[in-house]
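Shared chain: subunit A. Partners: subunit B in the first complex, subunit C in the second.
Moving on to the complex of A and B:
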């Protein structure tokens, strides 16, 4: 810190520290902390407090209707209860004096009921406030179906990572060590374009392949296994395999570039020397290239896994509602459909934990430190 | 004998690379081709008529254009914020030493390694406590949280190559720290700052997973594309895809040529 102030002076040093502090506190740590905190608060939707709140809601609405009827005459009223089936019935044309009295009586009774429920609500709230608010119920409440979805997502993400690693290592090797400068430049550009094209567009492009009258079904029709005119075609969107293919396609290049970047720093003379000394190809890879490339492989695996496991775009566009929801879609529903943020936070935090575990595992397997990762 | 087997493995490698590049390009090429076919839903197999009609249709998509404007509105805040935060963090991390720096470093790159949807969710959960509903504002914060890590790494890489004696010499000659930063450090970092701003813009503009979870009822270009792509399959989106591919291709070629030329 002293060194920093010596060079940049205390006003600038304070400014930089404040910026980093804000970033760290407000954008990174606090949001994650609050999400974790929310995930530990179980919102029991069937408990007495929730029921009381719902009952109160119904009573308020009922009372409002009756008061309206008393003032303007009933739309259609029998014993103070609205009956939509009787809208055209003549019996609900006018309220007699007797009817008005009865209605006033009912409003008073409803009022009493509301008062007693308000007291109960207050009591229940106090009891709840005294209770310890945290539990792991949001995590243990995951149903079998959702747990299966999570497992499937993780297995798919692992598969995507393995496929990407197997395919990208040779590509990076060719790019970094087996081609001249011109070939490298051309190949690099050829791979950079699909890498940089918008993620959604790359996913969307696959619809042309998987559509009912798309490329795959047309090819099948040519061979005679499908008939386009009578719609005797395969609905590819039904198969989880389509999601896997598109996941691989969308995130595979996040494996190529980190591996290429570290492999390109290897001195080719080292490989030549090993070959001259009689080392076999696999041995050169195993003893020279792979050890040197470890940090890049680790970064590639981490990025690919994280992107595949956390992908919302691929299942959202590709499944077209024809497959069971993916884990990220379940999380989306918890927030924006059924609006249970507590449970959604728990699911989201579970996904985060899985990614952290994966990073730790990769760092242990490849023996790399965090500092080596992002370069 | 030995060279023969080596060349055979090279041939196999080349075939594999060729297939890999094909795999990467085929879907994009199909999407581009279908944009020039009058058939709807877009198709390459049911070829009807060569047409450019789908491109003018983009201008009629009012909602899409509104969402595009939102994308720019977000980027206008995300880019300067990310570069400023990244620059500050790069300077602190380069100049500070000790174990605490490693911990700080781990925290500051953690958003890059966090699934995008988790960042979006954490942001809206946090701001709900202050009565702030999910909108462009929360998206700006959620995006900045992870985009700032990239400028940090780019600027750090350049700072590490800086000649520290230059700064010390300037100080010895009586330069004020502020003068030093403005006249020596900033100009030295300028290339890194420019490229990290460009990267930050692209990342903000193209982001989907974080944005869709943090934007609430509003939209950006990407969320709108996804919404339309899920609902329907129309050649108008293919036309938009052609624009995306063309722009990307142009920039990649310019970038590669410049790099070659600099060598």
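Moving on to the complex of A and C:
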């Protein structure tokens, strides 16, 4: 802090600190706190309060319809459009005096019902407010199916991480220790160009490969193993491998970079010294290069795992609904389909917890400290 | 004796179009302490890398003992290289570093450890074997590097300016130690340095190199007393240099018509009358007097007198030239500043060579500050 003040002077330093504080508060702490709070409130969709609220909802709607009918007659020709549901012309008839009276009567009854339910809701709310609001039920209530989905997502993310590591280590090695500056520049450009394209576009591009009449099937057709015209093709979207491939492709840079960065700091003389002392290639990797590159490998694995486990767009776009959902898709559904933010938050935190466990495991395996990771 | 002979047969090295080492013939005897001395960038490391197998010669071949090394990879040569920056392995302890070569050869752990401990004793590091490299001092690291290289029992040890990172005192101490280790083990040492003090004190023989070419290979004494090129004469030790034209050669004595008058010195081989030449005379053979004993003398004015301890350094001017003389205390005692003075030297103490490239005096200043 003192150092910063020396460089920027105190007004700028204060401004920077304030910005960082604001960012932390608004975009990190507040939402996380909000979600954590939500996840600890269990919303029992079968309890009496929820039922009462639902009943009230229905009654309000019912009453509204009746009031409308009273004023305009039953809906059959609204705003010049024919109501397709009302094929029978007779139901479209004007309400008689009798009908109106009956309707008014019904509205009054409904209002009474609403009043009594409101009282009940009020009572139930008071009771609930007196109860202790928090529980871990959202976390423990996961069904077997969802737990299985979570397990599968984690296993897939681990697989993606391993594939990416296996693919990236040689690439990083070639970039950092085996090629001259010109070659490195070319290879880097080649790695970067795809990443200039929007992530969604990159994922969609794979559809042209996996599609029913896409690249793979066309190639198969050329060799004679498929027929495009009669749709005798392989439905690639059914295979979990497709998601793996696209995930690896999408996040590979996050693996290459940290590994390359640490590897590039290795003194090439170390490698030569080891070779000079008679070491074969695998021993040089095992004893010299990998120990030096450990922090980079750890960071790469952590980033790739978290991105893969948390990826929504890739499974969403690639599976086309032909594979079981990923855990991220379940979370999405909880939030935006069944509007159960409480459970959604709990699911998110469960995933976060697994990611944190993964980080700790990686740090233990590689014997690296947090300080080294930050390098 | 473990050491083997190293023979370079017209070996050259190129980086693209740039010739780093011109075709070079060199014979390093088995068990010899051989130094390659030259300014930085002259191609010393390149030669070492070719011997150790990290760089393929553009032409020629290298033989170690009976074996031609062409096509033999670095990890199968009977050499061990000590890098300029040592390149110790930071993730290993001292003894693991030393035993790494044995590990690579599949020696079991107990045996490895035993051999490492012997070497640790040899290089006087007992008690430090479990430490990590970054817990050691510069001199200790140096010793680890030597022990690590010796552990694989090389026939030839290649050392690339290994002492350059140490301070002066430690450097002088390590010189003696390296020399002793070389004697004890009998391994052929090829030692690279830009520091002439190092090369002259330690070596059986020295090769002086410039611009990818070896200019002279000789013992330290002969390099100092009988330099064979102007570069060697100006790079090794200090020299007063006078330019002129050769007017006569008689009985191995050349007469140079110089800017400071006619002076004589030993004739270098292949010197002919009429060529542009340089006369080299070392500061310590100059005598200063009021009345010169011979005509091989120049009238001078004193500029400065620096007391250096055993020697007194005089800076003198003669015309536009500046000359340096190192006098013993006794010789210095009788000199009177205010009189007109002369310097003179014995004909045999000076050498006359055809003009050629001189060493960058920047290097000399470097040496002076050592």
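Everything that follows uses one rule, which is that the second predicted complex is superposed on the first by the 297 of 375 C-alpha atoms of A that agree within 3 Å, B and C clash if a C-alpha of one lies under 4 Å from a C-alpha of the other, contacts with A are read in each partner's own complex, and residues count from 1 in each chain.
Simple rule for what comes next: contacts are C-beta pairs under 8 Å (C-beta built on N, C-alpha and C of every residue); 3 or more make two chains touch, one makes a residue touch a chain.
Predicted, not measured: the structure shown is a model, and the values here were computed from it.
Once the two complexes are laid over each other on the shared chain, residue contacts for A:11 go to subunit B alone; subunit C is not touched. Shared-chain residue A:108: touches no atom of subunit B or subunit C. Touch criterion not met for A:25: it reaches neither subunit B nor subunit C.
In the superposed pair of complexes, A:127 makes contact with neither subunit B nor subunit C.
With both structures placed on the common chain, the touch criterion links A:118 to neither subunit B nor subunit C. Which of subunit B and subunit C touches more residues of subunit A: that partner is B.
Once the two complexes are laid over each other on the shared chain, residue contacts for A:147 go to neither subunit B nor subunit C.
When the two complexes are overlaid on their common chain A, residue A:280 makes contact with subunit C while staying clear of subunit B.
With both structures placed on the common chain, the touch criterion links A:171 to subunit B but leaves subunit C unconnected. No residue of subunit A lies in contact with both subunit B in one complex and subunit C in the other.
The part of subunit C that touches subunit A in the complex is made up of residues 52-54, 73-76, 79-81, 83-85, 87-92, 100-101, 103-105, 148-149, 151-152.
Looking at the complex, you find that subunit A touches subunit B at residues 1, 3-4, 6-9, 11-12, 15-17, 19-20, 22-24, 26-32, 34-35, 38, 167, 170-171, 173-174, 178, 181, 185, 187-194, 196-209, 211, 213-215, 218, 249, 252-253, 281, 302-303, 306-307, 309-313, 316-317, 320, 328, 331-332, 335, 341, 344-345, 348-349, 351-352, 355, 359, 370-371, 373-375. Residues of subunit B touching subunit A in their complex: 6, 9-10, 13-14, 16-17, 20-21, 23-25, 27-28, 30-31, 34, 41-46, 84-85, 87-89, 91-92, 95-96, 102, 104-119, 121-126, 128-129, 141, 144-145, 148-149, 153, 157, 167-168, 171, 176-178, 180-181, 185, 202, 206, 208-209, 212-213, 222, 225-226, 229-230, 233, 237, 240-241, 244-245, 248-249, 251-253, 255-256, 259-260, 263. Listed in rising order, the residues of subunit A touching subunit C in the complex are 267, 269-270, 272-280, 283, 287-288, 291-292.
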